[in-house]
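Each of the next two complexes has chain A plus one other chain: chain B in the first, chain C in the second.
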Partner chain A sequence: MTRVGTVALNTFREAVRDRVLYNLVFFALVMMAAAILVGQISVNIEQIVIVTLGLSAISIIGLLISLFIGVGLVSKEIDKRTLYALLAKPLRRWEFILGKFAGLSLTLAVNTVAMSAGLFLALFYVKHSIERADTAVLVAVYFILLKLALVVALAMLFSCFTTPLLAILFTAGLYIAGLFVHEMRNMQPNTIDPALGGFLRGISYVLPNFENFDVMGAAAHGRVISGMLIAQNTVYAALYCAIVLAVAMAIFSQRNLK
Partner chain B sequence: MAGIDLFGVYRKNESMAEPAIDIENLTKDYPHGFLQLRKRRSLESLTMQVQVGEVFGFLGPNGAGKSTTIKLLMRLIFPTAGSARILGKPISDIEMHRDIGYLPEQPYFYDYLTAAEVLDYFARFHDFAAAERRERVQRMLKKVGLESAGRIQLRKYSKGMLQRVGLAQAILHDPAVVVLDEPMSGLDPVGRREVRDIILELKKQGKTVLFSTHILSDAEMLCDRVGVIVGGKLQGVGAPSELVGLKAQGMEILFELPAGGESGDLLAQATRTGDRYRLQVEESGLYAAMQRLQAAGAKILSVAQVKPSLEEYFMHLMAADRAQAAAVEVRAK
Partner chain C sequence: MSLKSYIALFLFVLLGFAGVWRLQKCIDAQQSAVANEDDQVMLRSSKLVKGLSLEYAPLVADIYWTRVVQYFGNKQAGKQLDLRLLWPLLDVTSVLDPHLMPVYDFGSTFLSDAPPRGAGRPDLAVELIERGLRANPDEWRLYYDLGFVYYFDMKDYAKASEALYEGSKNPKALIWMKTMAAKIAAEGNSPETSNFLWQDVYNTTKDALVKQNALRHLQLLRAEEDLKQIDALADEYQKRFGRRPVRMRELVQSGLLRGEPVDGLGYPYILSEDGKAELNLKTPLRDKWIKAPASK
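Let's turn to the complex of A and B:
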C-alpha cells in the first residue's frame, strides 16, 4: 500500500502544481458576491439562496475536475509516456490505478472541504449564526464527494480503453443518465412500449444512481437527512467504485502500451 | 556451449551460468485494420541471451523490433508467444523490477516536478529511507551532470537534459541489469561521451547492460557483443568486430593534389572536399593506386580501411530479408 500512497501523493502534487486548486479563488468570489447581495435584499431566504448556490458551485466545480482530470489520469501518462519509466519500477498496474484514484480523490476532498468552509463563512455572514440544522449542509457536501469519487472511477475506467474525448463523452453521458434513474424505473406503462420500458428498468439498476446523492433541497431548508440514507449512499458509492475500479484494473493490466 | 544442434534446434547448455537476460521464441503481433482483426508481426521468435556482466548492443534500423523487444522485457507490452527471464526470474514477476533499471526511448517525465523530485519519486518505489533517497538523488544528479539544474522544473529542460534524468532514474537504485532504449538519442557530443562513460563504468562494476541503438560507432566502442535485428527477426549475434570485419569494403586514400598535378582517371573517381580528395580502391589495387598518385605529385595524407556504414550493412540485410520474403511468396503461389 506504500506504493499506492506514493502514486496518490504525486497525483495530488500534480494537481496542486497544475493550479487545479485555483478554482477556489473563483468559488470564494462567487460566495462573497452572493453573501453581500443576499445580505442587501434579505427576504428571509438567505439560507436557501446561499446553500443552494454554494452546493451547486461545489458540485459543478468538482464534476468538472473529476471529469477532465479523471480522464487524464491514465491517458496523459500513456500519451506522454511518463508511465514507461514508472511501470519499470516494482509497481503493479493495479497499484498505479488505485494510487491515481486515491490521489485525485484526495485533491477533490481538499478542494471540497475548502469550498465548504467558504460556504459556511458566507452562511455565517448572512445569518450571523450557524445552527444544528446546518449539519445537513455537511451531509450534502459529503454526498457530493461520494458522487465525485464515482465520477472519477468511471472516467478512469473509460480512459483505460478509449480516447480521452470518448472517455469524457461516455462518463458525462453516464452521469446524465444516472440523474434519471428513478424516472427510468417508474415510467407509466401506457406512455411507453412495454419492451422498451422493461429495458430501461433493467439498465436503471446497472447505471450509477446519482439521483440518490442529491439532497440539496433538504440541506437548503435545514431538514434532517436520515442516517439510513447516509449509510446506504456510503455503501453504494464504495461498492460501485470498487467494481468500476476492479474492471479498470483488469483492462489496464492487459493493455499494451505502444 | 549453447548453440544449434544437428537437428537445427537451439539448445542451452545446462552447465552454463544463468544468463542475465534469457529470451526464448519471443513473438509479438500487433492487431491492425479497421476492426483490428489483421495481425502485423513486429517480432518473430526472438531467441537470445545476454550474459551477466556483458554490455550487449541491440542493433537495427528504425522499426526493426528493438524497442518492441525492450518493451516486452519491461512488460509494457505483452508477448503473443514465447517467454523471457531476467536474472532467473520470469518477466511477469514484479520483484524482478527491483534489480532492473530502464531508460525508455525519448524519455519524458512529469514536467511539474524538478529533477530531484522525480528521482526521489522513483526512489520511493525501491523502499529507500528518506536520508538514503536524498543521498542517492544528489549522487545521481552529479553523475549525469545535472547537479546545478536539480531544482528546476522538468518543463524547462531540453531533450538532452531529460535524457540525463532518464539515465539517472535508471541507475538510481543500483540495478544489476540496465536496459537502455536509444540512450544516445538527442544528446550532444559531450552528452554522448558522458553516457558512454556511464555505460563503461557500469560494466566495470559488473553490471549487465543491454542497450539499443542504430549507431554502429556506439556499439563498436562499448559492446562485448551485439545482436542485429531486421524486420523483427534476429539476423545475427556476435562481437562488433566480427560484424564489421566480415563486410570490409576496401581502402580509402586521402590526398592533396598540388596545383598542376595530374593523376588521370583516378582523379575522376575521387571525391573532392575542399583541397582534399578521397579515393576508394580495392585492397588489392591499393599499392598501384598509391604509386600512380605519388607519380602525379599527390601528397598522401592517410590510408584507412573502409568499414561499411551501418546503413549499408542493414540495407544488405534488409535486401536479403526482402528477397527471402519474395521467394516464399513465389513458392506459396
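Let's turn to the complex of A and C:
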C-alpha cells in the first residue's frame, strides 16, 4: 500500500504542478460575482440561486478535471515513456492504476473542499448566517465527489485500451446515459414497445446511475437527506469503482507496452 | 493472467453488479423520500432554457418531449390526478422546437380535458395551439385541435365553428371540416358531432396515448347515450308499476329490456338506489366518467 500511496501522492503533486488547481480562481470569481449580483437581480431566491450555481460550478469543473486528466493518467505516462521507468521499479501494474486513481481522487477532493468553502462564504455573504439546514449542501458536495470518483474510474478504464479521444467520448457518453437511468427504468408500457422497455430496464441496472448523486434540488430547498441515503450512495460508488478498477487493472496487466 | 484470475475477476464483476442492482433498489426507495416532483422542471422559463440550449434547442426539445410523455404515462399508471407540471413541460418543449407537431396534438387533448382525464386547463391548451399556429400557419390540423378544445372543453361553439372553418380553407384540410363548422354553428353541441369528432381522432392519430384516450371517449359517449335510454325506460317502468326499478333485472323481467345491457368494455350497467342508471362499479370507464352533462 505504501507504493500505491507514493504513486497517489506524486499524481497529486503533478496535478498541482500542472496548475490544475488554478480553476479555483475562476470558481472564486464566479461565486463573488454571483453573491454580489444575486441580491440585485433576484427576489426571495438568493439562497437557492447561490446554492444551485455553486453546486453546478463544482460539478462542472470537477467533471472537466476528472474526464480530461483521468483519461491522460495512463496515456500520458506511456507517451512520455515515464511508465517504463516506473514499472522497472518494484511496482505492480495494478498498484500503478490504483495509485493514479487515488491521486486524482485526492486532487479532486482538495479542489472540491476549497470550492465548497467558497460556496459557503458566498452563502454567508447573502444570508448573513449559516443554518443547520445548510448541511444538505455539504451532503450534495459529498455526492458530487462520489460522482467524480466514478467518472475518474471510468475514464481510467477506457484509457487502458483505447486512445484518449475515444476514452473521453466513451466516458462522456456513459456519464450522459447514466443521467437518464431513471427514465430508462420507468418507461411506461403504454408509451414504448414492451421488448425495448424490458431491454432498457435491464441495462439501466448495469449502467452507472449518476442520478443517485443528484440532490441539488433538495440541497437548494434545505430538505433533509437521510443518513441511509448517504451510506447507500457511498457503498454504491465504492462498489462500482471497485468493479470498474478491477476490470481496468486486468486490462492494463495484459496490455503489451512494447 | 491465469485462468483462475480470469474466473475470479468474472465472479467479482458478476457479484459486484448483483450488489449494485440490490443497492440501487434501496437507493430508489430512499431517493423517492428526498425527491420532489417540482425538481423535474427546475427551469420553467422557456426562454432561458432555449438560451442555454445554444444551437441544440431541437435536440433538447426532443428530450423534453420524451419527459412529457413519460410524465403523463407515469401519472396515468399511478392514477394520479395532479398534472400541474404538464403545462411547464409542454411550454418549454414548444418554445424549444415550435415545429414539433405532436406537442400540440397531445397538449390540446390532455391539457384541456377535464380531470381525471386531463389537466383541466383549456385556456392553456388554446394558448399552446395558437403558439403552434403562429409558427406553423399552414398546419390545418392545428385549427382542428383548436376547434376541438373550444367545442368540448370551453363549450364555445361559435369559436369552435370559426376555428374549423378557418382550417377548412387549407386545400389539404379534411373534406368534412367546412360542413362540421356549419353544423356546429347551427346546432352547437350534439352527440352525433361529438361522436364523429372523437372517431376521427381515433382513426387518424399516430400517438398511442391520444388514440387510447379517443377510444375511452367513444366508449364513454356510447355509455352516456345508453344511460339516458335506460333512464327513459326506468321512467316508463315507474309509470307502469308506480315505483322506480332498483335492479336491472326488473327492467328485463318487465319486458322493457331484452337483456342486461353492457358498456363498451363488457361491464353491465347498474341502477342506483334512486333508480338512476350508472356505470358498473368495476368498469375502468368509471375512472374517466364525469357524472354530469355528457361532454368530451
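Everything that follows uses one rule, which is that the second predicted complex is superposed on the first by the 256 of 258 C-alpha atoms of A that agree within 3 Å, B and C clash if a C-alpha of one lies under 4 Å from a C-alpha of the other, contacts with A are read in each partner's own complex, and residues count from 1 in each chain.
Operating definition for what follows: contacts are C-beta pairs under 8 Å (C-beta built on N, C-alpha and C of every residue); 3 or more make two chains touch, one makes a residue touch a chain.
Worth saying up front: this structure is predicted, and the values here are computed from it rather than measured.
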| Touching A:Y22 in the superposition: chain B (first), chain C (second), both, neither? | neither
| query | Which one hits more chain A residues, chain B or chain C? | reply | C
| field | Partner chain in contact with A:Q254 - chain B first, chain C second, else both or neither | value | both
| Of the two partner chains, chain B (first) and chain C (second), which one does A:N10 touch, if any: first, second, both, or neither? | first
| said: A:F199 in the overlay: touching chain B, chain C, both, or neither? Say first, second, both or neither. | reply: neither
| request: Considering only touches as defined above, state whether A:M228 meets chain B (first), chain C (second), both or neither. | output: second
| Taking the superposition as given, does A:N212 touch the first partner, chain B, the second, chain C, both, or neither? | second
| Which parts of chain A are touched by chain B and by chain C alike? | 254
| Quick one: in the complex, what on chain A touches chain B? | 2-3, 6, 10, 13-14, 17-18, 80-82, 84-92, 254, 256-258
| query | Across the complex, what residues on chain A touch chain C? | reply | 52, 183, 186-188, 190-191, 205-206, 209, 211-212, 215, 217-218, 221, 223-226, 228-229, 232-233, 235-236, 239-240, 242-243, 246-247, 250, 253-254
| message | For a test of understanding, state which residues of chain C touch chain A in their complex under the given definition. | response | 1, 5-6, 9, 12-13, 16-17, 19-21, 23-24, 26-27, 30-31, 33-36, 38-39, 42, 66-67, 69-70, 73-74, 76-77, 208-209, 212
| request: Report the residues of chain B in contact with chain A in the complex, numbered from low to high. | output: 30, 71, 74-78, 94-95, 97-98, 100-104, 106-110, 112-113, 121-122, 124-127, 166, 169-170
